[in-house]
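A short worksheet on the structure shown next.
For reference, chains read A, B and C in written order, and residue numbers begin at 1 within each chain.
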Amino acid sequence: MVATPNASPAIPLSLHPDRAFPAEKHTRAAAREIYRHIKDLPIISMHGHVPVEWFVDDTPFTDPASLLVTPDHYLMRMIVSQGKYHLGDLGVKSNDPDRPTEINPREIWRRFCESWPAFRGTPTRYWLEHELVDIFGVTERPSLASADRIYDHIQNVMNKKWFRPRELLDRFNIEVIGTTDPAWDSLTNHKKLAEQGWGDRVLPTFRPDVVMTLDNPTFAKDVLAMGEAAGVPITDYHSYLAAMRAQRIRFRDAGSRATDHGATFADTTPLPVETAEALFDRAMVGDSFTPEEVDAFTAHMLFQNAAMACEDGLVMQIHPGVLRSHHKNTLDTFGKDIGFDIPIAIEYTNALRPMLEAFGNNPNFRCIVFTIDEDVFTRELAPLAGVYPSMRVGAPWWFIDSPEGMRRFREAVTETAGFYNTSGFVDDTRAFCSIPARHDLARRIDAGYLGRLVAEHRLEMDEAIETGIDLTYRIPLESYAPRS
Amino acid sequence: MVATPNASPAIPLSLHPDRAFPAEKHTRAAAREIYRHIKDLPIISMHGHVPVEWFVDDTPFTDPASLLVTPDHYLMRMIVSQGKYHLGDLGVKSNDPDRPTEINPREIWRRFCESWPAFRGTPTRYWLEHELVDIFGVTERPSLASADRIYDHIQNVMNKKWFRPRELLDRFNIEVIGTTDPAWDSLTNHKKLAEQGWGDRVLPTFRPDVVMTLDNPTFAKDVLAMGEAAGVPITDYHSYLAAMRAQRIRFRDAGSRATDHGATFADTTPLPVETAEALFDRAMVGDSFTPEEVDAFTAHMLFQNAAMACEDGLVMQIHPGVLRSHHKNTLDTFGKDIGFDIPIAIEYTNALRPMLEAFGNNPNFRCIVFTIDEDVFTRELAPLAGVYPSMRVGAPWWFIDSPEGMRRFREAVTETAGFYNTSGFVDDTRAFCSIPARHDLARRIDAGYLGRLVAEHRLEMDEAIETGIDLTYRIPLESYAPRS
Amino acid sequence: MVATPNASPAIPLSLHPDRAFPAEKHTRAAAREIYRHIKDLPIISMHGHVPVEWFVDDTPFTDPASLLVTPDHYLMRMIVSQGKYHLGDLGVKSNDPDRPTEINPREIWRRFCESWPAFRGTPTRYWLEHELVDIFGVTERPSLASADRIYDHIQNVMNKKWFRPRELLDRFNIEVIGTTDPAWDSLTNHKKLAEQGWGDRVLPTFRPDVVMTLDNPTFAKDVLAMGEAAGVPITDYHSYLAAMRAQRIRFRDAGSRATDHGATFADTTPLPVETAEALFDRAMVGDSFTPEEVDAFTAHMLFQNAAMACEDGLVMQIHPGVLRSHHKNTLDTFGKDIGFDIPIAIEYTNALRPMLEAFGNNPNFRCIVFTIDEDVFTRELAPLAGVYPSMRVGAPWWFIDSPEGMRRFREAVTETAGFYNTSGFVDDTRAFCSIPARHDLARRIDAGYLGRLVAEHRLEMDEAIETGIDLTYRIPLESYAPRS
């Protein structure tokens, strides 16, 4: 599949106006009509992983590879899977002195373009096409032959004065964007943004995983840092809870609307206070733990965070079900979050029960529960969200944030939970330039599903349009609205 | 979404003749042709939860809320999930003296109509539209603005002389309907019906869950009542089995064709007789049990019931996989069966093995196995039913008794089990007026699936029509035919 | 459904050129165009269960029943499930002296034809139609009425001189076919084939299940036979490993490209060498084992085989997740592999981790992982294959080797793993005459899925055609290419 560089003629690249709509005539007509009402609505991006620094410093980006390739673990993993290149060849820094990391961004870009056929049928391909055409005006298909031309073209756009994070927020039509910030964060960056008048547009999110995971190697350090940031010195389990409570309120006061929890499992069973105290004390002196102890403490702290949420009104996002860093050697060499995280089966009905029994009907509580395990859509998440007023089913996440995944999500969840017990789209991405593409795709899939309901005479057009607008704009805002 | 009452003009409500058919032209044409042959076939409703009293007394219904809203846990749960109303606001009786239960049916009806948008995309919405238009002749869309007009319109129809349970059986074209009756039932009502000539049309179903569940708080009382009803005084485990055997035969002689089993799990492992005896004896004196003991005894009794089924020929329905009353506070306040039952993952291959090894090839045995957990469709249920002559896969149940759920069921089960190892449609509902709507929807989905097979040249039209007729009429009758 | 023999007129049977394509106009047009490019490509059948003897001896087949009915467990199980006939009535040899086995092939054929309606909507029906029309030129639909005519027609074709295994390889356009051969095989047949110039066309596959399963009743015998075949006398665990290594190389030298592993679970955790030694020693003296010991030793040996694969380059096929011989009485009476094997839920993320951590990034290693449990498509297999260079997701297997199953496979796996981390089609069948039908159906489903991507503007037509050709021809060859 490797073409001779410079030899082949350019193959055109463009975006079809009907892309990702169902092909069937009446369904497509209905989808178009619904999409027409929602395509230009502002983007509500309540949860993602774009670094807050980008907005504080508003620094220009350097090159196509570091903007589009290296930070995107979806890209990394697919290229690595093809066997020709390893992570270092794609610019990921390695701890291995014998394994040089490629530092030439043009060379990295070439490797990505050469791998273009491997992305056929994937959402990554879909998003990238959208970005290349819509943001950068690229007009030819990526390949080894076209790589340099496209690289230069993108670089040229990136060199323009307006190509900066804040300006892009406007150009991308992003009304509000949430970042993700560790529990010990001083919030200095978010305060600076607030002073500059950007406090309503870039919001922090409280992510306390590191201070809830007993086998985190820097647990004690992170806990103490949280206490320092919160102004509550941590000397024991009780001051730890007090500091967390205070830090959550600092986040809320800095504009945060949500917390984010990436536990391995969804368990929310509280422990007896003495047990929790003892585990905490051992962790602060660097003791080691069984996996069961680690999971039990995390479950306990999820319950505690739910209790705190009823006080401070922060929306609780739960993202369980991923075995992180599946390949230890890759973790040791290249670090975390570079594509070797693999989902596992996950249970919610029993796991969430302690939390929902305690707070599920509390009007101050809101939890949004995400999954990569589609098996629970009809079986567990839709039935739970379809009765508990506090709970919403999160948008399909990670590997299933994709055309087929989103379609299956609507087909599976809607019949039991309706549209109004779902979260609205959440992009959850580190790839800043993919945000418009991701939201656009989600709108197209929702328009397609609503269009099918219209074409099958299961919903009237006026209702479908209203629902489309709600899913795109009103529901995500309301899902993440402060509760008290 | 709340409109000003009385202000908005009426939005029309009607039923499209092609509703719930696939939109694609050739598929829809084939579906129409198949549906034309099955739409007027009599309804075979072999298993449901309509109270037998309604037919014995043939009493008129009182008002729209108590007919259509309060008894339907699908409606309850969706309205509750929206956070504005709790169960008491919808007429569910509460044990909480501080929490008044709404008793004005018109007010309950308004709350339901106000919540109409929350039902978009759900089967409840689909069924209700069908009922409102087809049974009551309603011509405008429910909303807070139209609530009173619709209420009056329905009440007017309900006041007509013919709007009574027995007459509705005719108007609904229901040839036969099964009720569900506890193991200790005296069958007085069914006997009365038989004396009145209705014995072939309204059939009892033997449901022994309460006398097979050791932690049922009224276990001993229920067991003794079964003995009394059966005329077999129960003094120990052996007379308990004898009474159950006798009571099953009383049910069969009263027209029953099936038993119904709602265990948490599907396990059918028999216990050593001494173990079963000891557990039974402890339960009769009010001892408490571990969850494992409870499940083990239920599994044992499922096996015993299968053995009895080989003698008396009653068809065994197994409905596992639901964690009942997920929210304890709601259970304590409002009781059971009001929307807080949540499915769990469930295993069948190993669980059913003891029963199928013992009786699976026995020509006198028939079991119909239901699931809410779609994961087992291709993996476990279709392979089992596709080889054991005794077993059929039950129609998609509860949360997946829905357009998408039924479509996925046919797509998943047919390829391994065919059409002729499935049960035919089972409505399993408490909502009497929804029965025609539910059967009509099932016929439409089957017609759509068969139509797709025709349009994709995987089945000839004459075969599709015959299969449609079989699924609608012949197969449910034959699935529940007495076996000996 | 039973027609009067000889009375009914013949109902025509034919193959529609668009069969199994999506009905939607633009999708079907795209599918046709893609299919046009792939339909005549040679069949690559890298893994199946056709007996090697057929090719060595090139013996003619005897009759329609023993060619098409009795060896096909898909047919057996469906007919048995209908309750009228048991396995003996269909020609399966029984150990039960009181239960005569039908030996008249015409009578068996009649029973199969009578059961034709039970196959509606199944892949078996689809394959058989293809075989009847395309291989035998049958022109009427099977039924009890037409059974004898069709029987005579097929027998007539079978009597032709060219109707022999080797000639059929040409007529079926099979470029290469893999057989499955036990670990102790002498490879005499494959050597004969090689001497006759057929060595590149009919390849052995090394299947060591029997010598890795401690509770195999003939474990010691099979192990010793493997040593003898390999020329490495086995006296202990270490010579057992050495013999296996040597035998794998003998297979490779005889043309084998792969090994095949049918363990119950996917676990690949290695044991301490002393533990493995002790278990092996006990097995060689006929000791009995707990299920946990059996599974642990198998997991250990999967790991060992992966290590050997890195040396000899044989591709490792893993097929877990089936509970064999679910009904013991049927096993005792009729033996194995006659339709009573039932899938179970299966976990891969943790199970494959030891193997993938050790060898997953090794360029000499290739594993192809199959499943019948669709739940793992998006959750586990696609994420794993979408990052590990060594791993590919196997084609949907057994019960899900079907139109809907293959469609769901592409919809679920492609978005995370792409097309190029899948194995290409693997027929895995014992039914020789079904091979062209199975490959043709797979090509149609792939063309339909690719056609949908084109119709939804998610892929360009030139890319879809190239991908179709790759999936059909290049990818299966490359997936099974020797790695060192």
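By definition in this document, a residue touches a chain if its C-beta (ideal position, glycine included) is under 8 Å from a C-beta of that chain, and two chains touch if they have at least 3 such contacts.
Everything quoted here is computed from the prediction, not taken from an experiment.
Q: Over half of the interface residue numbers used by both chain A and chain C, so same, or under half, so different?
A: Both copies touch with mostly different residues.
Q: How many degrees of rotation carry the C-alpha atoms of chain B onto those of chain C, rounded to the nearest 5?
A: Rounded to 5 degrees, the superposing rotation is 120 degrees.
Q: Measuring from the mean C-alpha position of chain A to the mean C-alpha position of chain C, what distance in angstrom results?
A: 40
Q: Quick check: what residues of chain C touch more than one other chain, meaning two or more?
A: Within chain C, residues 24-25, 375 contact more than one other chain.
Q: Sort out for me which residues of chain C touch chain A in the complex.
A: Where chain C meets chain A, its residues are 24-27, 347, 349-350, 353, 356-357, 360-361, 363, 375, 378-380, 382-390, 410-412, 414-421, 452-453, 455-460, 462-463, 466-467.
Q: Quick check: in the complex, which residue numbers of chain B touch chain A?
A: That would be residues 11, 16, 18-25, 77-78, 80-83, 86, 117-123, 125-126, 141, 323, 326-330, 339-345, 372-375, 399-400, 402-405 of chain B.
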